[in-house]
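Naming follows writing order (A, B, C and D), and every chain is counted from residue 1.
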Amino acid sequence: MKALTNETAKAAYQKMNTIRDFEEHVRKIFAAGVIPGFVHLYAGEEAIAVAACAHLNQQDYITSTHRGHGHCIAKGCDVNGMMAEIYGKTTGLCKGKGGSMHIADLDQGMLGANGMVGGGFPIAIGAALRQQYLKTDRVVICFFGDGAANEGAFHESLNMAAIWKLPVVFVNENNGFGEATPPKYASASKTFASRAAAYDMPGEKVDGKDFMAVYNAVGQAVDRARAGEGPSLIECQTYRTYGHFEGDEQTYKFDSPEEIAFAKRDDIQEFRAYALKANLFTEAEATAVEDQAMAAVQAAVQFAEDSPLPDAQALYEDVYAD
Amino acid sequence: MSRKSNITFMQVINEALDQAMAKDDRVFLMGEDLAGGATVKHLAEANQDAWGGVFGVTKGLMPKYGRQRVIDTPISEMSYMGAAVGAAVTGLRPVPELMFNDFIGYCLDTILAQGSKMRYMFGGKASMPLTVRTTHGAGANAAAQHSGSYYGLLGAIPGVKVVVPTTPYDAKGLLLAAIEDNNIVVFSEDKTLYGVKGPVPEEYYTVPIGKAQIKRAGTDLTIVAIGKMVFVAQAVADQLAKEGVEAEVIDLVTVAPWDQATVLQSVQKTGRLIIIDEAQPHNNTATDIAAVVADQAFDYLDGPVKRITAPNTPVPFATNLEQLYLPSAQSVLTEAQEIITDLKPIKA
Amino acid sequence: MKALTNETAKAAYQKMNTIRDFEEHVRKIFAAGVIPGFVHLYAGEEAIAVAACAHLNQQDYITSTHRGHGHCIAKGCDVNGMMAEIYGKTTGLCKGKGGSMHIADLDQGMLGANGMVGGGFPIAIGAALRQQYLKTDRVVICFFGDGAANEGAFHESLNMAAIWKLPVVFVNENNGFGEATPPKYASASKTFASRAAAYDMPGEKVDGKDFMAVYNAVGQAVDRARAGEGPSLIECQTYRTYGHFEGDEQTYKFDSPEEIAFAKRDDIQEFRAYALKANLFTEAEATAVEDQAMAAVQAAVQFAEDSPLPDAQALYEDVYAD
Amino acid sequence: MSRKSNITFMQVINEALDQAMAKDDRVFLMGEDLAGGATVKHLAEANQDAWGGVFGVTKGLMPKYGRQRVIDTPISEMSYMGAAVGAAVTGLRPVPELMFNDFIGYCLDTILAQGSKMRYMFGGKASMPLTVRTTHGAGANAAAQHSGSYYGLLGAIPGVKVVVPTTPYDAKGLLLAAIEDNNIVVFSEDKTLYGVKGPVPEEYYTVPIGKAQIKRAGTDLTIVAIGKMVFVAQAVADQLAKEGVEAEVIDLVTVAPWDQATVLQSVQKTGRLIIIDEAQPHNNTATDIAAVVADQAFDYLDGPVKRITAPNTPVPFATNLEQLYLPSAQSVLTEAQEIITDLKPIKA
């Protein structure tokens, strides 16, 4: 695992900011009625996607979730194409035919947001099997939520990854709720990380608001995977800033003082403070990165607004390959 | 009817569930976030639910009946749907909710191999008083994995009944009939109809499963439609009426087993049939109706049987494409032109 | 948990013998081409079903598997009706319409053999939920194989049982193979019992050839369940005497000396010896029970042979209830 | 054709898989006990498989290609079928086996929501070179959960192709075509046909997906049949020939997308249509064909379109009931009497 450099720290900080700015914009535009459909925002969880994907190359793969914007940006998807996709415009990454829940970019190794909770598990196994089959040293990260962890596919896929020693890292984003239901109700295990034992696989729980904690844990897991030492499960405790989807009134907030305090933490500000203190980048660099991120997102909104809707013919295309 | 004003489709479902639960202790609900907020302290203290389902349909039922009868489940479709089968075969009357019918790929076994077959496999000893509430339908920009219409796929399974209500009135009576039924009934709600209002009695009543309804009488042409496609059919009929063609509009209401008598009788009268089904085009309810009519009412047919369905594509996200995806009055008129054009000179 | 008495020990011994005799007869008749379809024999695993069901009343429930004859007999199903069912005769427990893989008897609390591997998990949850819902003190035993343990429903159902403290005992019959594949290949966990920890549920592994070991472990689990203390997982190591299904050439036998020795053990003989030594019953009583079991099975074969096939009309009946 | 004697359907599948794997390194098999005996020492030492699948179809392929290309999976249908989708979208060409199509209830999502929709949802960027081998069909006394015919259910899904071969010759060519195809192809084998022999070239060849085959030419009546029902159709045609009625027998071969041109052409010639499909009666391929014909060949029809299918029941276990369950020459002649009787006087 490589230590952060000025370069990589700035890149990570830029991605975190891009995600946050992206989501804040999507939120506003959705509230204004411009964007159709369901939108699940990643704001507040940036540290996880960015820290995890910091260990990946373009040719590594990730599988994502319904809450996929952050994973896309972290894996290097183009924000113009993403925003246009969310608008349902023809310039979108999926020609506007997928939308927020199905953004994908195979060229960037992003195997798709997924509208089916737990849908990413088997796909990650397949992608990891491919790496092993072709004897590459590429790896796969499978992002999934606390709610998704109760789907049967979790069990099947972790077991399969373990028996075949597949190069996959399961990154659990435990944001305290699956829709409006907390894992303390929905899951019998004390931590999700502890479930790794059932698959004889390393499991670790980290503070998901702490970029470096995620960075280190996933980094070790990715190293193991690349070395052919098999899968790992990393649980990242986090909290989403907004509701389950846009429109959710969030009547189910945390109760305990510790939870409330946790929910207030800002992963981006914490990383900024850490990086400055560690001299990874300067205040001026940070500001520049923030500005760049904001500018890119604003440009993406403009790009999406200016883009045309798909042609009618597009309805019938892309069902079958030749 | 003791209620003054109209209420929405969504409120009606809630009312029907409420009355079913009040009437029979064995009736209970289970699904994801039907209440929401389980174990959240401030909600528990106030005896409040957080969501009432993702659409708010079941809001208020948990506070009234408690978490034991409005059971929030983990996100484990195979097991909670299968648990409903197990509870039904041992004498309870579960009403599980499958949030979107698109999730059927996670739990089809519970219906296909278990619930629908137990009575038969067990030599008639089991009954299966199970009502699966679910939602279908495009038009909400919910994209490819949350917009499907799979009532036809489920209706193909022997042992399963499938109901697709169009009006609030029917929704209530059919849901209560489904819960009284001793078989698996899939009660499929069109998510885009939740806001539709209509007159609905406050009292408990049932609407029989398996009966189609003639929404508009006519002599020239039969239009059979399912769910929100009934509104399309009515728009088509209105349009045709202006041109002197009188279409009979039938709301199929029950998709399995569908009401062959009503449809055949109408076609025997009109000699012409258009079926509107928003499911994807192959092996669906529309083809089933067309096939039965082409067999049993062949001698009465004066022209080809026309099916207007979604195209053979997943549901697209972009708003304009999704609108094109759905059958519309215009697309019906265009695609069924052949048999309609034939009629106009006759009537003119 | 009640200690065995002369009465209950004889009853258990009779059931074990009935299962063995039943299966040996089915095997011969199948080989002779009289019985159609797939048949999976329970011979060699009798101790598990019988010891587990010894703790149940008629009104308790069990869910079973494709290898269900033993569970049926242990739970009290009529052997005439069972044999006739396997013959596809109208006097069968399911009127001949279910066959070996679907024998059920709701009156005996037997919720069905199941052709779907893992199909019993959710049904057991439902039956256990019923008990809790109606505030009975009845329990449910869910039998399942080592192979079935890798189905997603295992995970979902154990988790659900645990969070709701349902009165269900998961009895794993680890017979060393799922079809022709051993769990040491198919499962990443060292023991299935150890997976219980992921659900914060008691888990125990016992010698499945040892009646008393199963009896004690399941007995405690059933007691806990009846007392409202929630589910347990008991893994029983065993071995099936014959192939996966009748016709299987079993080219995949055990390799190691320990495994081979284990496979040779006869759970019925061991229980006989134990019971005699513990003065639970006498040699004469044992012989009488053996004879009774054999006579009952022979009568069942005769009954099945003499019974008519279903009427043609039966094809169309029992699809819908009124 | 370089082979001297006939080989069985089962051997042919094995040969096709062998040749596909030899030709393209990216092709691999996965499923339950495709080899069997993984980690069993004496088998490993002898480089032997234990089973070759539950029917022995893949026997010998593991010893030849190794466990990395003939992958035995845990009993985890959702995840290994979904892994096949993941492997296909990242460039391999998986050929997973779903032992019985009845297990689709455990893993439908991988086809319904993932594999079939990815290309569309991703704006055309994905391809899905995935061939799902599975088995269907009653007649083996395998009872309600192992005897279903769900090719129609799967064929209803946009993005999926479904092939049901009848002859060993077609089985080989179609399986190779399926593996070459860049879409999900469900290759559904009738387990009761595995022992059927026929002439099959040793060489690699493909048979085009989507083409029906005229098995017997005729002018009076068209019989379209699927899979082993083609033999029933041929028996019916033989019987009718004795009475002077010449039936055209069409083997549909591909169930999705089925060959409309061939069927419509035949019906335009004969004016009469019987469809034999052993699937359960509703919303199946037979209704799809009937519906398309009742629309597009209506003017050519001289009588009702007859569908002979299984009844609307699960598959019963008892041998006599199972035989009754399946369409037979006799049941076809009886149920389609109406259009056949009409013909006889014409021909006499």
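What we mean here is this: contacts are C-beta pairs under 8 Å (C-beta built on N, C-alpha and C of every residue); 3 or more make two chains touch, one makes a residue touch a chain.
In this text the structure is predicted, and so the values were computed from the model without any measurement.
In this assembly, C is the chain whose CA centroid lies farthest from the centroid of subunit B.
Centre to centre, using the average C-alpha position, subunit B and subunit D are separated by 31 Å. Put simply, the C-alpha centre of subunit B and that of subunit C have 40 angstrom between them. Subunit A and subunit C have Cα centroids separated by 45 Å. Shared contact sites, meaning residues of subunit B that touch two or more other chains, fall at 73-74, 76, 78-79, 102-103, 105-106, 109-110, 113, 120-121, 143-145, 158-159, 312-314, 316. Each of the following residues of subunit C touches two or more other chains: 94, 96-98, 102, 114-116, 150-153, 156, 159, 163, 185-187, 319. Chain contacts here are complete: no pair of chains fails to touch. Interface residues of subunit B facing subunit D in the complex, by the touch rule stated above, are 78, 102-113, 116-117, 120-121, 143-145, 152-153, 155-159, 256, 280, 282-288, 290-296, 298-299, 301, 303-307, 312-314, 316. Across the interface of their complex, subunit A is touched by residues 28, 68, 71, 73-74, 76, 78-92, 94, 109-110, 113-114, 118-128, 158-159, 161, 182-183 of subunit D. Note for the complex: subunit C touches subunit A at residues 150-156, 158-159, 162-163, 185-190, 194-195, 197-201.
Across the interface of their complex, subunit B is touched by residues 36-38, 88-90, 94, 96-102, 114-118, 147-148, 150-152, 178-182, 184-187, 251-253, 255-256, 309-310, 312, 314-316, 319 of subunit A. Within the complex formed with subunit D, the subunit A residues making contact are 61, 63, 92-98, 102, 104-107, 111-112, 114-116, 119, 121-130, 133-134, 152-153, 156-157, 159-160, 163, 317-322.
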